[in-house]
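Shared between the two complexes below is subunit A, which has subunit B as its partner in the first and subunit C in the second.
Up next is the complex of A and B:
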């Protein structure tokens, strides 16, 4: 196929109105972790009849760049952030104007239904047991691998009290995530399909299983009793342990190679110099 | 009998004047490149002294050579197991400080210095870093310092000497030293070759020269730790190790190696020896006191028809055998037993032999008269300024008998020649001395000729190297025959 023809097909494909099913899938993948349509608020607000609450143009601008709107000091955006206990809606992967339009159309259509397919996931509400907490801890630390083969939480996240070295420092401390995300239902929903760009990249193809989500939620509820670790202390601990470990390793090397060659000429001269000094 | 040929050497220490001409000849040809400035493939040491690198003879420190463990030969530094564990950190590696940091002087400062009240000076700069340095040591830092409290006193060959004997050596009226020129010994059982993890070192089949393949060398430096004579060196610029090549390009064209050729004192002899490779391991495992004899027994008589037949059968060229029959080394080592291997207790079976040096004549005291000649003509061997044990540690693996034999014979030859030329000694007495020393008039004449009247051709009996035969094993020497000779950068085309 000639390159120009390929390009033409590509443009045609982009111009085709996004199919309804594709938009629904997109919503499920990217929005459902924080939003419902008619199911009450999770991390983000319930989107039922959102087009009636705010004009389309504003909504599209917000969907394209949530953080920008908040940084720009838009009063309604700030209010939304307050309602979400400070969580900022992430910039959604693959969001563009056409997609935003399609999403709003979908929300409008779904809002008219008595029971939307996006009214919220079925999250188990059986009480947590100590076994759940224990399993959650094992999943978090990687002692028990995730079923789908995803990376253990500890690679990037920390929870206070995980041991001297703690967890990763790449991503936020999760000690109080249960509270920040507004409780069990919200957190569990979010974990089922994490929507932030980083988490999505990792867990899109390797989603958490329902029982894993339950265990992790239980664990995060359990860790709520602790206060998050002070980053300065954590860093100091890390440096001190690192130094200690280095010294220990050097000590081991010193013993392992104790028969190694040491200087010959210099000690010879030093010894004589000391002898002469003593004689004087 | 597995007969092989080996280019071997004899250094006659009694003739060495310590002028370092050999070292400079070698340096100018081979080691004046960047990264090799600190190498001295040939160096001349003062004994007693610590040598180059400092105290190289002390294998407790440097761990070179072989040791016998449970009836097996093992490298002291890098046996098979340690090749793996120590490959990134060889614990027996000497540092540059134990050699010396090579330096030059900033001569341009003599011309470019701004006008001032003081004379301009050329300050020393390191040839490694280019920075100004304080010179702390050099390759012959202990040169002529026979009685120095740092260098001479720490000579590892004082092992086994009593405290009094050592102290006497440093008494001012007894000060003594001799010179000890060293090159690679091109050993029969080279530990450098055995230690190389890359298999870059090899002993040339046709002449026994030990070489490092610069293409295969990966700079692991195992050979540097393994060589007990510290005669392989690491080139920090190319990242490969280098060593004495016995000037093989000169040998292949019939010339003596540069250090041999330039030797002012004519102390160096070179010739080919035939030896039995089948018995190498057996000999290398002998107890210390039998090593010298063991090595001598490896060297075969090139006049023995059986040996000649076996040599020819093994592919040694007729001309090489013929040169072996005229080899001065064979005479010194095997026939006269004057030349001894250095530190054979390292068990690498070095093929460079030394004629031990005579000490300055000692006066003896009879009541109040000082006499330079005593009734016992050999007295100044046992009572020499250089203690016999010192020479024995250097050339006899700690055992004196072989050294005493070589010194006595030399002394007897001297006395015999004195009787002939000066005549103040009775010829009968001289002949008795020769008999006592296990020699004869004929042998004394031969020794005298090869020691004092030797020409180039007497000293260097260089066999034809027959490179064409060695190359035949690898490729066809006629490979390019009738295909080269007239080349074009661009091939001409005929026609339009």
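Up next is the complex of A and C:
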């Protein structure tokens, strides 16, 4: 058997076991940032009794490929997207048919309880202070490191007014994320266990602390007063500085090699020829 | 499973890297043992050509710096993030990396033009060279594009891509952070694996046998004999 096939089988094997506790952990890691069971809607809808609202087959198809369903124009999927203020549920890492079934079973069981363990987490509702906003900004730029060692937001994200070259452009601009995510409770819950594939991968082992979540939420409420930047200016500056630096370095090469060999035989012959001509 | 959107990613980011490194190791060793004397860059005749200076020098300074940067980020990601914790230092690192990327590109363009236009060089250029040039162009352009449009790579490389690379090295692949990357970044990663796989079939092997002792051995005097003993000068 080819090694690649073996490896694939190994991966498949790792994805399959689905104990009940594992499903609950999976829900906590992947779903809780946007969904509650009986705690009201966050970014996504409250999942209490979801299996009574829509048939299992449709739900599983949606869980396997949310964006695909929306792109295909499924009316109920589009309605969900509207309710979520345009947010699209990310394709969840490790989701497959068996896992989706197990999750629906878990949601059904939790829906029957008076208070589910997934009814939502306690988010502080004390008013934000200017100190919170300042701390949030420092966390964003990395001036104040995240307690658990996660990378600062600026690595991948921008907000308006960060300075000369701005923040990262790998991921979305966060200037108006406070509004996009529907305010304090939703955003803070989301930050507690970020569930998009890249964020989750980085932060599942390095979660944000409660005070960091609060400060960042305060900062994002603060940046709401601005509008997202056009990244073109920062990009142009970056490219121009880069081109300038490159020309400078090429100039340095030219100077540094003025007394070194750029070529060996030809200059030697050339010099010799000049000497002979001179002597004659 | 084949319907899953992750299937292709598993092939490209788990199977391909192991395959590429396997080919790299086996073929390099086999070639070193069986065809020892082909283990060089083959003469690119750089000693002869002034024009080659503007290819050879920027390309090698560029590529060696950029590759070293990738390796350093791989070895000490936390220190890179620490360095980047002040925006100004982050900008300095990013601009420096971008400059060396541009140098590599300028050098490569100059080398390609020389290979395509100088008849003597064309004679000693194989199809493998042209495939390699194509791969390099894709690799450098995707790197430069990523630097400009998916910033700040030095930070997210350390935070997201390095853990993935380590997960490969420790035989416990985790592609979670890679699946959602923009396709240009994925192209850069896949391109790197393809170059690693193709490496031992090309003149790139010269990088494995760099005569490092030249850096510290005693200088050797090379004398130029020749026309000096011409009859034009009286002999004593």
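Keep in mind that, in the parts below, the second predicted complex is superposed on the first by the 217 of 280 C-alpha atoms of A that agree within 3 Å, B and C clash if a C-alpha of one lies under 4 Å from a C-alpha of the other, contacts with A are read in each partner's own complex, and residues count from 1 in each chain.
Here, a contact is a pair of C-beta atoms (placed from the backbone, for glycine too) under 8 Å apart; a residue touches a chain by one contact, two chains touch by 3 or more.
Nothing here was measured: the structure is a model prediction, and the numbers come from that model.
Asker: May I ask you to decide whether A:249 touches subunit B, subunit C, both, or neither, giving the answer as first, second, both or neither?
Answerer: In the superposition, A:249 contacts subunit C only.
Asker: For A:259, is the partner it touches subunit B (first), subunit C (second), both, or none of the two (neither)?
Answerer: After superposition on chain A, A:259 lies in contact with subunit B alone.
Asker: In the overlaid three-chain picture, which partner chain does A:133 touch, first (subunit B) or second (subunit C), both, or neither?
Answerer: neither
Asker: According to the contact criterion defined above, which of subunit B and subunit C contacts more residues of subunit A?
Answerer: C
Asker: Looking at the overlay, does A:272 come into contact with subunit B only (first), subunit C only (second), both, or neither?
Answerer: A:272 sits against subunit B and subunit C alike.
Asker: Quick one: is A:143 in contact with subunit B, with subunit C, with both, or with neither? Answer first, second, both or neither.
Answerer: second
Asker: Which parts of subunit A are touched by subunit B and by subunit C alike?
Answerer: 257, 261, 263-266, 268, 272
Asker: Could you list, by residue number, the parts of subunit C that touch subunit A in their complex?
Answerer: Going through subunit C, the ones touching subunit A are 1, 4-6, 10, 14-15, 18-19, 22, 46-50, 52-54, 57-58, 61, 78, 81-82, 84-87, 90-91, 94-96, 98-99, 102-103, 106, 147-153, 155-156, 158-160, 163, 173-174, 176-177, 179-182, 185, 224, 226-227, 230, 232-233.
Asker: Can you list the subunit A residues touching subunit B in their complex?
Answerer: Going by the criterion above, the answer is residues 257, 259-261, 263-266, 268-269, 272.
Asker: In the complex, go through subunit A and note every residue touching subunit C.
Answerer: Interface residues on subunit A, with respect to subunit C: 3-4, 7-8, 11-12, 64-65, 90-91, 93, 96, 141-143, 145, 149-152, 154-156, 162-165, 167-170, 196-198, 200-202, 235, 238-239, 241-243, 245-246, 249-250, 253, 257, 261-266, 268, 272, 276, 279-280.
Asker: What residues on subunit B touch subunit A, complex-wise?
Answerer: My answer: residues 50, 53-55, 58, 61-63, 89, 91-95, 97-98, 137, 149-150, 154, 225.
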